[in-house]
């Protein structure tokens, strides 16, 4: 299986994603420069974290128009796997492959720490190795990870079971009343409904703010992210 | 004095050089006379500006150079000592580490966000200029007090203005500096893995913002900042030149309080996204043959970078400013030579290969332009609009720059420091225990257990309490190399593809340095070493940032010279030589010098990245040992100086036992390698009680210790 | 013809504006009474060459729709003045 | 009286504006020709109660100097309209 790690000028987690796939798991991975267009030979596309194009204007706003994005959209339309991690998730929303938008953290501050996530809904080819309601931990590192969508979109995501990851307490509780109320302590950025990751209708596109590539080895803090890559490799 | 209307080729007679002009470039009248005498003729305005920048404390270390020579710089592990963009130490297994620390105190006092951000940008460039891939950053910081005034302080402080008294200014500086470091570090993708934050009155209007960067390089791929071979082209690479930071270099050596008016243009703005491109491009061309030398444009931009490269190679450089990419259209030669626009580098390459390098930079969407050529004649010759506006022999602005042996005098306060007797402590403690702690509502006060109450106040003091709210704003995990815990004694970063890891710690007990600069500097070195040993790493070498007051004040100069003496003794005993660093003078709050702050950044090697020792208790029933001598003096401690606020300065700090520390190092590293040690923590500020508390945090374990026999 | 363009981008009413709330809070703390409903958006300025005002406006509008704003969370207004 | 306040904050001319530079570059790449000197600043809106226009303007000006802008690197303009 061949992974394509897209590199925008300003991406900085591209090496981490490449290292996880190539060194830790041992699958084939290549860097794909943002001006390239040909993704034919790739099975899985990773849009890594970082500050594509400096994240000026809005996170992912400028990356959305890089030449490679058209090929990524075509790749996704063919039902082939695409995962957007952190800045990658922001790019997927900006280009419409996933609904909603990621706005500034409620605290107005960048936040980097390990958080607890509850695995909610099946149907994504990136999460088959997790069992429903499993509680895992992965690190986040973002300043604009506050997921927003209008009420109709939120209702649709909830009803069609497309919310894959939710921020939760260590024991798995994940409550949400409304955006005006006090947001729970385990929600690091104010995301509506504690949303941390969503998938598209067919399940081949996943966007998530937490970094699975940073949770692949016990020496660097935990391995709960490994199964994101193993799921898509062995199904 | 408007440079634009100035004829930059005019040789100014001495009486045409006004005091205001000299103040603007930062030259004293006698220094100007000396420069004119060495040149043997009148100077142009551009030459005046160049001498002002190159003869500033920041560039030529005129008040410190004489004393810095006493520091040990030799060692088998040292591949590059002081004098280059960064120092380099050999980690073994074919890996070397380039590292350096710099200060951005004055720009951060004026504009905290950009001041701190551009500090990060500059130190990262110093590392990749050596051909090294930056892998970690550290930020030792110091600010004025941040907690509300206690009753005791209310009575003491009178001359500070109210903005400082109400701590509003400090909160503004802290949030600006921290978000500036977060912005630049996060965007460029280099993790900020550690540092320190301390709060003390002496930093109220003059924060200390030191930034350290480390990078890895293959020992035989090290690049040096050198020019060679007449006829070879000099390439200007990176962002366009603007007016930012004019007089940046001299500004850093100018006393803040009086000269606030001329700071308007001195704020440099950083573009981390652009530097990420510059970083990747420079690391790519570092491996191309045909490259002779590379240097970051730091303080005094084009001036310092070109003449330092030429001086190292014993050659000269002729530059044509018409070719320099400009952001504003009417820049004068003076402004271009002194501009501190960010994200720019200078390269020298072999003639005939320049187009290969220019193409490589094009791929990364970067400007790369030939702006000059190497010449045999060891001078810096600057042309603008076809005319020579400056021609200065390199030696005049490098090795023959002024070197002062300034007078020293023992400060009065030293003789006023009284010994701290146990009854003083008890009296101060009873006073404090009656006061309501500053966050009384959340503070579980222990009315009938005075020691417990004092311990809780210590743990709550900003100098000791957790720095999580700060370092969680930094991406400290990017590059998946950081080995947790993230707030241990030292930061540990693995070397991917290799078994070992590097450990790094920055330390300086500045209050102890105030009470006794020599002993304090020894403690700084010992603390950094103990922090590395506590995680299982062997200390190898240091970089250092010496933050002091005005060197023209003999009392400050005494503090500086004593600190150097203390550092030399400790570095020699531990065999951790100096590989480079920075001196920052003129750090003052309302005419009073900041506490002497010699920050030590020490690097060590951990043989096996998987075997990092952490500080947390691991199993009940484990026995607790204290290794090494215990120093019972409270001098300079957070308890005596901040919690008890004892006026007599809390006594004289005792001299660390260096031989004992060497024994502890060898004993602990051996037992750790044999897997006998479950956890280890350095007894630092706050003493044994705070250390034991920190070892139990987050583990669910407690500890029981019998201490009555310890004092015999 | 050359026009000076101003684009005022503000967050849509139903989208939370944490920055606006923080500024409102800080203003109150500093004793500025009576300042309410603070919202923080983006203010873009640039110059555009176009034959006439209509084509300039059309060009800027297109740029806003495509790049300068995100309709999901932002509204915008354009102001053209002859340079 | 109640006024609607608009504050336009932009980086000073001499100070580098990396964001403006990046947006200008992106606009060119997207084929929006002729858009130059792009600068990105802040657009603040809020309401203020004051006896008259003068005191409202004075209050907003003071707020800008103290909190809303950083005079070292930013310039600002104020626009008041009766609400």
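Residue numbering begins at 1 within each chain, and the chains themselves are lettered A, B, C and D in the order written.
Note that in this section a residue touches a chain if its C-beta (ideal position, glycine included) is under 8 Å from a C-beta of that chain, and two chains touch if they have at least 3 such contacts.
Here the structure is a predicted model, which is why all the values come from computation and not from measurement.
Consider the two chain pairs A-D and B-D; indicate the one with the greater count of contacting C-beta pairs.
B-D
Averaging only over C-alpha atoms, locate the centres of subunit A and subunit D and give their separation in whole Å.
One centre to the other, that is 34 Å.
Any idea how many Å lie between the Cα centroids of subunit B and subunit C?
Distance between chain centres, rounded to whole Å: 40 Å.
Can you check how far apart subunit C and subunit D are, centre to centre, with Cα atoms defining each centre and the answer in Å?
Roughly 9 Å, centre to centre.
For subunit B, write out the residues touching at least two other chains, lowest number first.
Correct list: 271, 273-274.
By residue number and range, which residues of subunit C touch two or more other chains?
42, 66-68
Among all residues of subunit A, which ones touch two or more of the remaining chains?
Residues 53-54, 56-57, 62, 65 of subunit A touch two or more partner chains.
Which pairs of chains touch each other in this structure?
Chain-chain contacts present: A-B, A-C, A-D, B-D, C-D.
If you look only at subunit A, which of its residues touch subunit B in the complex?
9-13, 15-16, 19-20, 23, 49-51, 53-56, 109-113, 139, 141, 143, 211, 213-214, 216-217, 219-221
Report the residues of subunit D in contact with subunit A in the complex, numbered from low to high.
18-19, 22-23, 26, 29-30, 40
Residue numbers of subunit B touching subunit A in their complex, please.
It comes out as residues 179, 182, 186-189, 271-274, 276-277, 364-365, 472-484, 494, 496, 609-610.
Can you name the residues of subunit D that touch subunit C in the complex?
Per the stated touch rule, the residues are 5-6, 8-10, 20, 23-24, 26-27, 30, 32-50, 59, 62-63, 66-68.
Would you tell me which residues of subunit A are touching subunit D in their complex?
The contact residues of subunit A facing subunit D are 53-54, 56-57, 62, 65.
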